[in-house]
């Protein structure tokens, strides 16, 4: 009777933990699945360079200098000439791991895309980040296309996905931006989708690249400009310090000077901190749940082994082997888990369809295969924990000398 | 004058498959100051009878009156107070609390009354002197012999000055010498202090020394 | 009486070592995690230098505006931090507070150098003079710039201990020169390093904003947006409603002027208390109390309920051994309610010990692992989230830990205790649990 009671409690606990753990496993599974997908760029040996402007209180201030855009372009050109640097480009809220940006629809004829990340770049952007074309074009070829037609643009191959139209059939067609049909731009090529971060899903990775110019640029947009460079791997040693020192003399144009040089790995770390924190929180939650199961099973079965001393002793007397005793203990816990899993799976299925994990994940991606995989992993994790929790008590039961147990009784 | 009166007492134990009649239609009157022995073979219901009289078990049907109080109508708090003031129980297995020492064990019933710690201590010492255990106040039950344990249990049973002492095979786990000593104490409590004693026993010799013997068989009183 | 509880608890520890240890670990783990969660919120609310006045400070961090004829406050045209003229119009003229400060919202990374040293990057914050009245910095040498320094745009700078050592090798540097953004400043004070958990006050260098042209960097309609935030120090927190009412009057007058451009500022319950600021997720939002309580309740529920189930089971197991004793006590006159009390109190003693262990682990972990626990999202500064002892040793934490222990103990003990006290006495004596 007493065992029935404690079994009931264990089942309730296993049920609760199964439901909660599934959410965590699903979250982590989804994030790992997203993480490993191709990024569309390469940031090794790349650096992000920001400039600042002198204030009037500086002795070097030049009141006549009014165009920050032109100054930035000149600094970019100088960097391009630097012997250590393979490629350099100026861009506006376009580089990988940038925060912020403008999102607008692209339109061709009667077709309009969902909002797309509008990036303003110099053609060398493709060379800096080694982005490749959807039809196998090299970064150099992509850069050439934009160089030849400054009014044209390129877009990521996943635009129009799911709308039934092949994006490649639109190459060469004239599009317009911001719903402004007076200005037409020709689609020059498609490139492999560039993701904002490792945790950014495909549907958020829609972008387009057009040539940066000073027509639409206002001085107050200055902070959105940055220079990205790719350094020759041979010379990528203590690059930041060396460039900082040189920059004081050779990279000052007008009122602008280089104020920060950061490797893109830092930018990446900055953007990923949010996900890192979330993963930390969820993993801690999962660890807590599993640890509780471990303690619960351990304590319960330790106590049960004590209570059942005479029963176990009798079993041994009539011929059960040590392995039989051991196996019997273990299978009890797993049986409880299996009983708890059935309602747990039903609850999880319903909750996920009520889209309670919408706030965690992209909607419309709860494919049956993902559900099965995550449910299986959850079951496995808890089963492993149960196994570990029962190990010592089961071992103890196994080693019980029968005569002693019966004598005590 | 009866201090304990049982009429039409039945006790049935029910499990899913089996129904066991432990006591059947017991009618018994116990006078004040009596020393009553209850005898019978194993499973005849004598311990069950004692438990019902001691208010630690409830009859399935029937009437129980102790000291003119009708037990059926009492609530838990009243019953607890009643047990504390009127009854003292002595068990075959002593049932001393292992985590407490001798004096704490004897004081235990008094902790449920509103008296000061010093008064409790005094009464406990008095009770232990009566049973000849005042020299082992701070020993743990684990450090005492069987006879000593039972004597402490008796002290615990009488410390609250109860009118009725219920003893369930008090000498069952003791050798004959210890058994005699314990019986002497019980007789003293009965004769000199006028307490009513109801004792369940297997021992004919001990039973013959008491004022009355009742015999049970298969839940029914036969003598 | 109390002795008896302690005696039984010690006896427990000897007799049922494994089950008792498992109970203690379970409770300690739960309290540990709960207190980490509490601390994560605590560092946003509890006072510590230089934000020791958090209980008296109100924040005016953001502004959100929309068309004057738009009645849907959830749709804004733009939102963000304030421009200087807007901050002045809305906040500086408030009469009730002790002080009002306008300062750069987030520190910017800047190049600094001194004569003969290579430039290094540091976090710079531009403030007014009232800033130093509101936030209590620990000056190791020198002092802050004052009102007349600010008004006459004196190029003075306060720097942190670490910056002083990196540039000069020591902290006795008051009066020396430093170049900030290729502009020369004099050092007027050196302060103890500031944790970036002090979101409003944190920086490594502070200068008067009148010495740069940051105030002219505005954005948005009617130049409502800029780079500033506002902190308000009240004489007493009882003044808060009065200050908020005063702000609403100012805000209404400001909106009246903006009406001609069809713009209005959206009411976001400004200015916010420290707590409200911590639960306002975005610059275009109001404090989300509902969400905070819901999330908190959910987390507490999980962190208390699951261990409670385990502990309940463990308690039931431990009580098994004591059924005989419970039966004897009841046979000698103990009430059921007394048994219930005894069990709950004994368990509380164990819980409290375990809770103390959990809290201690939490404090140690928070102190040594502050980078892991407290690094916030989207913070780009160069500081560290070091946690001060005044936060770790705040009595509120100890009280909360005990409260959670008590609650955990209650929910985990009540059912086994109730069951144990209601077993028929003779069954209890015979060691049966039902």
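A, B and C label the chains in the order they appear, each numbered from 1.
Just so it is clear, a contact is a pair of C-beta atoms (placed from the backbone, for glycine too) under 8 Å apart; a residue touches a chain by one contact, two chains touch by 3 or more.
These numbers were taken from a predicted model, which means no experiment stands behind them.
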Note: chains that touch chain A and chain B both are C
Pair of chains ranked first by number of touching C-beta pairs: A-C
Core chain by centroid distance, with centroids computed from Cα atoms only: C
If you average the CA atoms of chain A and of chain B, how far apart do the two points sit, in angstrom? 74
Which integer distance in Å separates the CA centroid of chain A from that of chain C? 28
Rounded Å distance between chain B and chain C, as computed from the means of their C-alpha atoms: 63
For chain B, write out the residues touching at least two other chains, lowest number first. none
Of chain C, residues touching chain B in the complex: 1, 4, 7-8, 10-11, 324-325, 327-338, 424-426, 429
Residues of chain A defined as touching chain C within the complex: 1-2, 5-6, 9-10, 12-13, 16-17, 20, 52, 54-60, 99, 220, 241, 244-245, 248, 257, 259-260, 270, 273-274, 277, 280, 284-285, 288-289, 291-292, 295-296, 298-300, 302-303, 307
Please name which positions on chain B make contact with chain C in the complex. 51, 54-58, 76-77, 80-81, 83-85, 88-89, 91, 95, 97-100, 104, 108-109, 111-113, 156, 160
Per the contact definition, I'd like the list of chain C residues that touch chain A in the complex. 18-19, 22-23, 25-26, 29, 33, 109-111, 118-119, 121, 153, 155, 181-184, 211-213, 217, 219, 302-303, 305-307, 309-310, 312-314, 316-317, 320, 372, 375-380, 433-434
